[in-house]
Amino acid sequence: MADPRFFERAGPFALGALASAVGGELRNAAPEQVITDIGTLQTAGAGDLVFVNGKQYLEQLADTQAGACILRPEFAEHAPAGMGLILAADAHHAFAVIATLFYPDPTPEARIHPSAVVDATAEVGEGVQIDAGAVIGAGARIGAGCIIEPNAVIGRSVVLGERCRIGAGASVSHALIGRQVRIYPGCRIGQDGFGFASGPGGHLRIPQLGRVIIGDDVEVGANTTIDRGAAQDTVIGEGCRIDNLVQIGHNVTIGAGSVVVAQVGVSGSCHLGRGVVLGGQVGMADHVTVGDRAQVAAQSGLMRDVPAGAVVMGSPAKPIKDYWREVAALKKLVSRAP
Amino acid sequence: MADPRFFERAGPFALGALASAVGGELRNAAPEQVITDIGTLQTAGAGDLVFVNGKQYLEQLADTQAGACILRPEFAEHAPAGMGLILAADAHHAFAVIATLFYPDPTPEARIHPSAVVDATAEVGEGVQIDAGAVIGAGARIGAGCIIEPNAVIGRSVVLGERCRIGAGASVSHALIGRQVRIYPGCRIGQDGFGFASGPGGHLRIPQLGRVIIGDDVEVGANTTIDRGAAQDTVIGEGCRIDNLVQIGHNVTIGAGSVVVAQVGVSGSCHLGRGVVLGGQVGMADHVTVGDRAQVAAQSGLMRDVPAGAVVMGSPAKPIKDYWREVAALKKLVSRAP
Amino acid sequence: MADPRFFERAGPFALGALASAVGGELRNAAPEQVITDIGTLQTAGAGDLVFVNGKQYLEQLADTQAGACILRPEFAEHAPAGMGLILAADAHHAFAVIATLFYPDPTPEARIHPSAVVDATAEVGEGVQIDAGAVIGAGARIGAGCIIEPNAVIGRSVVLGERCRIGAGASVSHALIGRQVRIYPGCRIGQDGFGFASGPGGHLRIPQLGRVIIGDDVEVGANTTIDRGAAQDTVIGEGCRIDNLVQIGHNVTIGAGSVVVAQVGVSGSCHLGRGVVLGGQVGMADHVTVGDRAQVAAQSGLMRDVPAGAVVMGSPAKPIKDYWREVAALKKLVSRAP
């Protein structure tokens, strides 16, 4: 399915092996049935495996030409006769695992391109790939298996854990980064925050003396900006997912596993708990705290703390039920007007 | 008028030739009147051509020192005596054509800078200019007359049609791009979308196996990000204009001729029809469809589909009349309060 | 306090010398008391100087182990016995001055990296540092003491005043830039604005013939985009502070000392007076004027002019008192509903 110019496929795999890989139950098929690729319900053929993640796809499931399907046990009866099934309670997760078997992350080629500039005092681990035009500063430590894409810039003394990937044209300074972190192209990490003392003589810059600390298994999207701390550090907890064009101000801390959707702006000294979700284009005033697992709807504006587990919406943000009640009340008010 | 350090001017041109070039009617002037430059009403001199695109400029027209003017026929009587006129129903378009005669796009210099890194398997067309530090990956095809600006990165197997221009520091991967496409500096095209399966064990990345397909004559603004598709492709139709700092998620399709203003966020799997206009900072939830020629006012938030031809505003978006009625009703409600 | 891998500390300094440097009054300490570093209230030790900028920190002040503190005279009585004090009316500003003594801006290393590409016709001033992979175009003038970070791109004929710093991967074209200007990584300055004449045949690009003019002592944040003018120039006045991911359209003028917070979008031909503050994610329609010292709250949307000194909020923006009255009225309306 995937364009072979851009994606290299592994496999084929036996359906039974795939079921075992995800701890799923095989049904309606021999374990040795050969699966050559993953596909979508509309386009898959007899050698392809697809997945169904919700009721709304059951109609398409009936019509698909796919040879096998991953789905929740309660959907099994909707599958066409003769289709091999892998039953998995979390079909989405199981599909992600199998898709990664077919399309694993590219393995780094252990080489430094001759046009890359690696400072003599930098430490480069085993099997690191450094692409054309990349620049590695003095004293930087690049963990084993990292990929540094073309024209990326790693500043002085930056530490990257094992198997990180730094995208084309990205820049990282004043940062300590964990393992298996992906920094997407054009991302800017570690520059000075927006800190100055304003007075009659103008805005006097305050030295920004913190760092950016990023935990293991974090992703930071394309052209996103994360400023280093002013006195403390800016900290992104392990497993976080940060989308494109997000702004993270100085001294911000984000707990493990949080998800920050595109174009969110998190002002300086905000604190997010663990497992927080910020929808796209959310804005936060400075020094605001969001509790664990709270969810903030897209475009909301946060001026006050949000308790753990809350679901809020609007600008200024309020509990989501209140938001929709206000929307309804305003609509009603207008309908009554002459 | 334009600073000659930055802009090279062609010409001069005879006024009659300019009128012919735009299919306009020459009045009050000899066809051989010499025009040396274009200008603005306030600063133009006797050799300059200006344009008037609306009533609000008629007062300035009376005072200008310009030697000639492009304007709609009904404005002709407001021009000073002795000024050469080109009458054109669409004066704005006519001015664009003439401005491009005086200031044509730079012609590529057919050369690859020695510091550029072009993979041996890449195909580079006739007359291509590849600037310092640019990197072209294996199997990429760069169409005739393209300009690849300094430090831009073109990934493996990417296809660029003829006469594209890729801005400084931009990166393009997993993409098939048409002719005469302009990708502005810092633009990020083709990186993985924001796709993962979340569960108790964290957020498991799902391989993103689609591409970015961009039609002919598209412009994509500075530092804008366009993620490649997850299973399908992300598709930008011909003639679209996308401004700076826009986010386009995976699987999005945008119809021909649509205009997306700065800082808009289009979530994954949204579909825009042809000739859609999204104002600045608009946000769209995922899987939302906007019909042909619909217009969405700046800062609106779309959570539901928008029919073809509709004009909507607000967050959540509603028909623009309803939006302004709500604004008025709320103002009135407050004015009544004690 | 600051990680020595990333920050080089100067000093130590005598407390009396520091008090003199900021015009503050020394109290409770000998002028020769040695200060080795600056710190925060929570982490400082006996050799460290801290500052207190508001009542809310007086409790922490009582518990700090810091050897000395800068604070306003009226807070002096709250300091622990034996702590050296510098009394300064503007403690924040004084701390900024002293912090810069301990952590001065890095001095450029006068050298051009061998992998940088500097056109033979560019003029490079005394003591300029040009890092790996940077590209300097024909006829560009780089003022004395500038630092051009890795892979930054300076276009043809661009002028940089003395002691500018251009961040990693940034690009600057069609621009005249003053002294001591900081352009952060990934910033895009001088590309074409979003200008075209739309008609039945599509969107015809209009040549963008202006420049970007930036005054002395301006900062422009990471991945921010500033388009050059269409016919006039885009102008950023001296002393402005522009944060990350901001969009500035063509022909915009911004008066001296204005502050533009992250993710703001300023549409084409807007004019901001002197000392204006735009909060994060503010959006402005085109041709809107904001008067001197006006303040616009975060996420506001400006469709009309804002008078000098006004404080506005909301989308559409209104006087901030009216905004909060509307918020309260709407809440009350809902609470009354059945």
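Think of it as A, B and C in the order they're written, each chain with its own count starting at 1.
Just so we're on the same page, contacts are C-beta pairs under 8 Å (C-beta built on N, C-alpha and C of every residue); 3 or more make two chains touch, one makes a residue touch a chain.
Everything numeric here is computed off the predicted structure, so don't read it as measured data.
Viewed as a contact network, the protein chains are fully connected, with every chain touching every other.
Rounded to a multiple of 5, the Cα-based rotation taking subunit B onto subunit C is 120 degrees.
Between subunit A and subunit C, the centres computed from C-alpha atoms are 29 Å apart.
Multi-chain contact residues of subunit C, defined as those touching 2 or more other chains: 115, 133, 151, 169, 186, 223, 245, 263, 281, 330, 333. Looking at the complex, you find that subunit B touches subunit C at residues 1-3, 5-7, 39-40, 90, 92-93, 95-97, 99-100, 102-103, 113, 115, 131-133, 149-151, 167-169, 184-186, 217, 219, 221-223, 239, 241, 243-245, 257, 259, 261-263, 280-281, 298-299, 327, 330-331, 333-334, 337. In the complex of the two chains, the subunit C residues touching subunit B come out as 115, 117, 133, 135, 139, 151, 153, 155-157, 169-171, 173-174, 186, 188, 191-192, 194, 196-199, 202-207, 209-211, 223, 225, 227, 231-232, 245, 247, 249, 263, 265, 267, 281, 283, 285, 301, 315-316, 322, 325-326, 329-330, 332-333.
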